[in-house]
Each structure stands twice: as C-alpha cells, then as structure tokens.
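Chain IDs A, B and C follow the sequence of writing; residue 1 opens each chain.
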Amino acid sequence: MSKTIELAQHLEKLHINNMYKSDFYWTWDKTDEELDAIFTVADALRDLRERNKSTRIFDSGLGISIFRDNSTRTRFSFASACNLLGLTVQDLDEKKSQIAHGETVRETANMVSFMADVIGIRDDMFIGEGHKYQKTFMDAVKEGYRDGILEQQPTLVNLQCDVDHPTQCMADMLHIIHQFGGVENLKGKKIAMTWAYSPSYGKPLSVPQGVIGLMTRFGMDVVLAHPEGYDVMPEVEEIARKNAAATGGSYKKVATMEAAFQDADIVYPKSWAPFAAMEERTRLYQAGDQAGIDALEQKLLAQNAQHKDWTCSEEMMKKTRNGSALYLHCLPADITGLSCPEGEVDNSVFDRYLVPLYKQASFKPYIIAAMIMMSKVKDPVSALMALDAADKRKFF
Amino acid sequence: MSKTIELAQHLEKLHINNMYKSDFYWTWDKTDEELDAIFTVADALRDLRERNKSTRIFDSGLGISIFRDNSTRTRFSFASACNLLGLTVQDLDEKKSQIAHGETVRETANMVSFMADVIGIRDDMFIGEGHKYQKTFMDAVKEGYRDGILEQQPTLVNLQCDVDHPTQCMADMLHIIHQFGGVENLKGKKIAMTWAYSPSYGKPLSVPQGVIGLMTRFGMDVVLAHPEGYDVMPEVEEIARKNAAATGGSYKKVATMEAAFQDADIVYPKSWAPFAAMEERTRLYQAGDQAGIDALEQKLLAQNAQHKDWTCSEEMMKKTRNGSALYLHCLPADITGLSCPEGEVDNSVFDRYLVPLYKQASFKPYIIAAMIMMSKVKDPVSALMALDAADKRKFF
Amino acid sequence: MSKTIELAQHLEKLHINNMYKSDFYWTWDKTDEELDAIFTVADALRDLRERNKSTRIFDSGLGISIFRDNSTRTRFSFASACNLLGLTVQDLDEKKSQIAHGETVRETANMVSFMADVIGIRDDMFIGEGHKYQKTFMDAVKEGYRDGILEQQPTLVNLQCDVDHPTQCMADMLHIIHQFGGVENLKGKKIAMTWAYSPSYGKPLSVPQGVIGLMTRFGMDVVLAHPEGYDVMPEVEEIARKNAAATGGSYKKVATMEAAFQDADIVYPKSWAPFAAMEERTRLYQAGDQAGIDALEQKLLAQNAQHKDWTCSEEMMKKTRNGSALYLHCLPADITGLSCPEGEVDNSVFDRYLVPLYKQASFKPYIIAAMIMMSKVKDPVSALMALDAADKRKFF
C-alpha cells in the first residue's frame, strides 16, 4: 500500500466537511482536524509527485495571485501549487501597494474572477488593512457567485496578511512534524519565537503572530521573546494562550533571547516591527504624510539598533537543548557577515542549518496545494485514491 | 437535451464557413449570422462551464497578448478565454506605447508567433494608428505562415483599436439580449449612447463607435448624443446609418443627453475624447511635441469641464422608460461622489445597477473564447457536441 | 512511415545515454552525436506539430526562466518550447541585472525550483560572470535534489551566457543544414563570421564565440574577421581550432571583411564588443564606478565608429560565392537606412533575406524543446514513437 493510500485512509477519519468551498484566512479559524487534513494532503501530494504521478485535479482553471508587496518565494510557491493541480496563475499587478477601498475592491474582485478557481492574496503592509482587504475581496466574489456573475465560487488562500501568514507557518509546522518524527513527539517540546536584530525596517508581524497562533496547538511550550516595545497584536496572544490551555502545552513571554533559547528544542529568531509603530505607519500612509513616514522609519531603525545583542549567535545556540535546537527561518534572513554587518543570525549558524532551512521552505508549495485541494474538492479521499490508482504520469 | 446541444443545433443552421481561420477586427466585417454564431458559442461555453464540463479544445498552444495601453479587465478576460480553451497566454510587453512602424512590427510579429494560435491586441491610443498596427501585424504572420516560417496561422482577436472595441460591444450586446429575453424582443427598443462628463482626459472613442456600429443591426432605435465638438469618426456613423436602414431600426443624433434619455430602454453614458483632438494628438506624438501634447491636454480638460451637466444623474434616469432603463458601462466608471467629485454617473444610480453591470462584464471572456473557437475550429458544431458528450470534468 | 518515425529510427542509432538529466551549457561540452540528437528531435517535434499531433510529454511542470538581460525573441522561444512540451513558464524577475554572489544564488535557486523541471537562464552582460552564475545556480539545485529538498532535478538550458549562445547557434546550424539539404553537403563550405559596425554599444560576444565553437564541427571552412582590438575569448578560439582539425575543416582569422566574404557560402556579419573592454566593464561594475563605465562607453562608441566600413553592403555581398551567400543574423539587426543611418547591413540586402532570416529564427523554439526533451526523457526514441502513434490532436 502506497504512502498516499495510507494518508487517504487517515484523511477519511477526519471531520472535514466544512472545508469544501471554504476560505483560508487564519489557522485559528480551522479545527485541529482541518489542519491535520492540510498536512495529510500536503504529504500525499508530495508522495505522488515523488512517484511521478499526475496530481492534476483541474483540467483548466485560473489561480489569481495578488501580491500587494514584493515576493519571490511565496510567488513561486503559489505558482508551483497551482501548476501541481492543473491551474494557471494569472497575476493581478496593482503596481504599488496602496490602501484600496470598498467599491474599487468589490469591482476588481469580480472583474478578475470570471474564471478564477482560487485567489491567493498577500497584503501584509498595513496593520488593520491587510485582512480587511482580503475579506472585502472574498465577500465580493461570494456575492458575485450568488448573483450569477461568476459560474464558480473562488476560494481564498491567504498568502500573508497583517495578522497571520498561514502558508508559511503551516509549512514551518509540517517541517517540525517531519523533523521530530510525528506530531505525537511534540508534547512538551520547547519552541522559542524570538525577535532578532535586523538593519532593515518594518518587517511584518504576521510570522511571529502566525507561529504563536499555530504552534500552541500541539502541546508544545511556546515562548515569545522580544525587546520592550516590540509587542505583537494582543488578540493573537490571547489566541495563543487559549490554544495552550486546550492542548496541555504552555504559552509564555520572557524578556530576553537568552531565556527563550534556554533548553529550547526549536528556535525561530526573526526581526519584526513593533505593532504600535505599524499602526502609526498605517495612519501616516492614510494621511499621505510622507515626512511623518520618513521620520518614523528613522526612529524605528534607531530603536532596532539598540538591540543588536538580540542575534542568533553561536553562543546563543549553545544555550538550546544539547546546543542543537532546530533553527527555523522563513527566509530571507539577515545574516551577520554575509548579507549585512550585523543581523539576525551568525553566518556559521545559518550555514549549518542550510539543508533543513531549504526543506522547511519546500513544504510551502504542498501546503498551498493542499489548502486549494481541500477547499475545491468535495471528496478529497476519493480524489487522492484516484490519483494514486491512475497510471497518468507527470511526465513521459 | 442540454442547452449546449440546443445551441449547437442552432449553430448548424448558420452560414459560417468563412469564419474558419479569419481575424476579428470590426463587427461590421462580419455578417449577421457570423455574429449570431459568436453569441451562440459564447452561451454554449458558459453552459458547459456551469456544468463542470471541460471546454479545452487545445491540448497546448499560445495566445499572445499585446497591450499597448494599460488594461486589467480585458487582460483578465483574454487570459480567462485562453485558459477556458486550453491555451496559455504569453504577454508581449512593449514597455511604452509607441507608434511602431512597418518593418519592426513585421519582424516582431513573426518572432513571437512561432507557436501562437491566437493574437490578442489592444492598441487604442492613437487615432489612425491602432487598426493599422493590428493589420500590419496580422499581414506579417499570414505571410509568415505562407512562407513556411510558422507551422500554424495565428488569428486575431481585436481587444480594442482606435476604431472598434468588438469584444466589449459584443459582450454588451449579449448582455442586452439576455436582459431582454432574446434578440427577437429588441425591435423598436431605444438605446442611448451618450457622452458623459469625466474629469480625465483622452478616453478612446472605440466604445461609442463600436456601440453604434453594432447595435444598429438589431432593429433598435439607436441614438447618439454628445456636446458639440465630440464627434466620432464619420465612417463609423455611415456604417451605423446603413445598418439601421437594413434592419428596420434607426440611427440618429440628438443634441442633448435629455433628448437621448427620453423614453430610452437602454442607456450607455460614457466619456470620450473628440475625434479631431485625438487626430491632433496623434500628430503631436509623431512629431514628439511634448509641449503641444501638454497644451492639448489642458485644453481638452477645460473643454470637458464645460459639460458637467452631461451626467447620468437620478433626474436623468427618470426620463428613461419607466425611469428604469438598463444602464450600461464598460467599466471603470467615473462615479460622482465615489471615485471623483463630479463624473459620468451618480453613485446611487451606479450602485443600483451593480449586479447587471458585473454581469455585462462577465460575458467578455466567453465572447473572446467564442471568437477564438470560431476562427480556430473548422467544425464548431461537432466540437460543441463532443465537449457536451465527453465526461471530462473541468475539475475533479 | 512518417518523418517523425524516420527521425526516431535515426535517433536510435546515436550514443546519447549521457544526455538524460544533463545540463546544456556549451555546445562543445556535447559530443557530435549528442548535437545530432538535438537536431533530430527538433525536426521531429516540428513534424509532429505540422501534423497537429500533441507533443506534450509533460502533464504539468514548470520551466523557470531567468532573464538577466532584456529579451523578447529568446523569451518567446523558451515560452513556446515549454508550451510545446506541456510545461508552464514561471519567470523570475530579478529587476536589474546585478552581479549576484554565491549564497544568494544558492538560496534563490532552491526557492524557485520546488516544482521546476527546467531552468532557462540568460546572463550575458558580464564577461567572466554569466557562466559562473549559471553554474552556481545549477550546482545548488543539484545539491537540493541530492539533499531531498527538491523532488526532481531541474536541468539547464543556457539561453545565452558570456561564453556561448547555444540555442541561437544550434538554431542557426539547423537552418544551415536545411538550406544546404543536409549536413553531408557542408564539407568544404566557407562560412564567414565577421564583425560589423553598429552604432550601439556592448553587444555580447556569445554569438560569434558560439558560431566558431559550433560550426567548426561540420567540416566547413570557418573564417573569423574583425577589426583590431575586437578579439573574442582565446579559449573559444582554441576550441574552434581543435574542432576544425578533428573534422577536416579549417578555422582561420583574416584581417578584413572583404577577405572573409570572398567566395563565402554563408556570411554572419554582426557587431560585438571587444573582449578586453568587456572584462574592464565587469571590473568597473564590480567596483561600482559609474564614471568609469560612462567613459568606457564613450571610448567604445568612438572605437566602433572608426570601422563603419565593416558593413554588409551590396558590394560586400557581391564578393561571396555567386554573390548569393546565405546571409545570417540572430536579429534584431542594425539596418542601414532603416533602423539607423549606418549599421551592420544594407536595407536591400537584409530585405532580400527576410524569409530565410525568419526561418532561421523559427528553429529556436524547436531546438530549445529538443534540449529539454533530451535531458528530461530517458527514452526519447519511444517518446517520439508514442507521440507519433497517439491520435491526441494538438487541437480539435
């Protein structure tokens, strides 16, 4: 029996009826079994591909991608996922990242969705706006479908918003599951999500928020650490606390990187901007106050520079369990002595983890494909079994 | 019997032998039965898609798109149409819209067409140039095919030129046909194509020209209205007159928006630039006279501003038949109080027609796909029947 | 028996086992039989397409294109080749052509290759860098495959580097073979690869180098001519000399265009930059010395202008065999009196060769497709026979 069949049999036991035609905004919208289904389908698609089996569930169809911020990795992951399933990507290029409003979004959403099966949106620039944009867009296409404008109801894959980065964090998590030999081995493991110094400005909060919002669901001890003033959104922290309580794990905050790294099994040191400053930036952008934006940038760069000791050095890594915690990063990292004089991580640490880091990233196309498949296919168990049984090869 | 089969049976009765391998420049190049065939195939493709039937008639192949002006809607419509039929879009990005000449166009046309099945071109910026560019391009690929350079003869879909905008107007027309329950119900209906004020500059004339050139063919009373100086091309008016005479409808011009809207069943209020001014602009561009171009822009904006009363207000709408004429627009509209202080249409009017407006737009991908299918498939009746009979699903 | 079957039977006799999973950097990395295989498969794919046979060997999959220099022709050729075989192109847009370094390339290579079957790279701007970039990239994905990051090993098609332009020169060569009625008719034919004046600056050396590196393998008398100071890379000249010695042909340099054209059967007059100047430019770019770059450009333009007599005029053409040598160019050419006042070729000469020139270009998509097929398909003989036997049409 192939791995795909085993995975399909596992999928059969899960309660996943609500996933059909559903959007993927945030991991905490989904039940544990629904997340399990995504991981399961991701692994199955990977197994099929390794065996040169066609994974096309679409004969034709479009995946619309909207990147309101630059992207290479996620763009290629989305393109790969669509291709894997038989969809063609059509990119909506909005030129510059502007804060778009209701009616315009509603019109655009319908105009680009006549043949859209899936919509992938990245909009992470403005706190309080990214998720709102995605919601407005998807409400519009839902109405368009209801009103007979669209023949099919497109579904959303959130490719990063101001709140969560579910395709990244789900890929991170699937990597962890594989590295630790199964989700059952994660109970009691300590994972440190920590701020790290970067010479650049305004990195999104969606990764740390996504990590504490997701990884508190597997019985792990999740620790968040950042310098004063670099808080993440309190609503997401609340979710992390509830998750931990429900799974017998824990969520806590510590004041130093050292404390977070102490005996950690997994570390995720990464820069981000302070939530309050990002709120201020959104207001400045909405007011068109360029002088204010520039002043804020200078202030934040200076503030960052006070915390250059928050870096994933060799010394810091030694504090982790056996000095060999699994090092995670969503890439690209600011690497001390390689891409910048002082950054998030020592070159020697980064270099030692190169293969696992690339593997971590390699799960993203499969996670996206699994999200698409679960929302578009009514009976994914049969679909996987059919793909496994067919002798349709991916290539000759 | 499915709707597709019914439509295929209707198609069988039409005289459409000349459509195979033909280009689509202007609606008035085509016979009534040829236009009927496009509408019929568009409806059939939509029916097949609604029933999750594969509509791929291409196993591989390229649709080349050339947008010599910005475009989101038409770009997505072309991409959707190609995808629907199994073609991949490859975009030729000519960076800036320049007036290209003979030899360069001839070379480019061949270089991008080695695998091209279809060419979609938008070139609407310069009066006297857009159509010429398309013609030069298509003559070149025709020669390329004849000379053994190309294995297949690509065919044209005009995605808007300086004269006509056939994919838009055919979509508009199919929308009207559906709204009025069939082409047989259009006799004697009054449609008002009127100029409307917009704060922007230099909008193409291809929509009003396309509308009077097409909609005079269905026995309707077509009325064109615009302020003094906003004439459209006289050649197209001549076509409108001949069409009306042939179908028992009428074509006339009136001097005010009020007169046009009076008892109208359908209204299409939309801004455009004066034909003579656009001719002047073409000359200025050819001479590279930037100061002249800027001066012309200022002059035209001031001229526009004298006609702010040409707007589709609630008062204006009340003059139409039962105060509830079908409101059309090719989108995006300049909406008073929403996208601009004073524009083509009141927000309340626009908002009331949102669903029909989006439906109007939704026909464009199917119209384009039907144009492609009719020019590429020798026996479209059999093709539709085969698509209907096959149990090849669009997705699992 | 179809032409494809004949070609497949020829392919069966060749020693081509090493081509599976191999990269295509330079023609001189490949054996004569391997090049023969590329030509054979290119002809077979063209025959299949002419007969409306599907040539899709991929059910899904990505061809990643990386153009570190502007490109229309090669971009469309790569897109066409991928489409012909069933691959979708995903373009990596690196914005500006910068000299990228080790780690960044390694990371990017893996990040874009999760579903990549083929990588096409053009990087011709910097002498000493283009090939290095391709090598670094491909070594990275090879490691990625070995380390389990990638499910499949992508292979390279060099779409032009600083050393060779194999897809161009192989297309040129296949054109010559067809024009002369077979490779067996080339023995003793004289081909003149000569420099020609152009008013533009810094054209790559990869075409003249590719030509002398490839066309010395068929028993022809290859002559290179250029003004003093316009030398090509000595390593490639060394390869040309060895090739000629091995095939009974010859390779020599002459000092004037006249001498090169004298009794030539084929002429390839084309501008390029001096090798030493391009080395200097690379150093200036690496040092970020914009003033130096500008000064070098002025110096080179002035140097070019001293050699305006190096032009493919009607007089010059008269010196060739019967005054009717086959004229080649990779396009676009600088045409005297058409695209510039004084350029590489007289308008009347160019115009006379328009059809053969376009035919020359038309081989490139097939050459690229053949390179992809030979590196991805383990048993290309069976693959061709299966494509020929199947009744799967390219379109309905």
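The rule is short, and it goes like this: contacts are C-beta pairs under 8 Å (C-beta built on N, C-alpha and C of every residue); 3 or more make two chains touch, one makes a residue touch a chain.
Computed from a predicted model, the values in this text were never measured in an experiment.
S.K.: For the sequence-identical pair subunit A and subunit C, determine the rotation angle of the Cα superposition and round it to the nearest 5 degrees.
M.R.: Rotating subunit A by 120 degrees superposes it on subunit C.
S.K.: When subunit A meets its copy subunit B, do both sides use mostly the same residue numbers (more than half shared) or mostly different ones?
M.R.: Counting which numbers both chains contribute, under half are shared, so the two copies meet through different residues.
S.K.: Where the centres are mean C-alpha positions, what is the separation of subunit A from subunit B, in Å?
M.R.: 41
S.K.: For subunit C, which residues are shared contacts with two or more other chains?
M.R.: 86, 88
S.K.: Considering the complex alone, what residue numbers of subunit C touch subunit B?
M.R.: For subunit C paired with subunit B, touching residues are 46, 49-50, 54-56, 72-73, 76-77, 79-80, 83-84, 86, 88-89, 331-332, 335, 338-339, 355, 358-359, 361-362, 364-365, 392-396.
S.K.: Using the touch definition up top, name the residues of subunit B that touch subunit C in the complex.
M.R.: Touching subunit C: residues 57-62, 86, 88, 90, 92, 103-104, 107-108, 110-112, 114-115, 117, 144, 147-152, 376-377, 383, 386 of subunit B.
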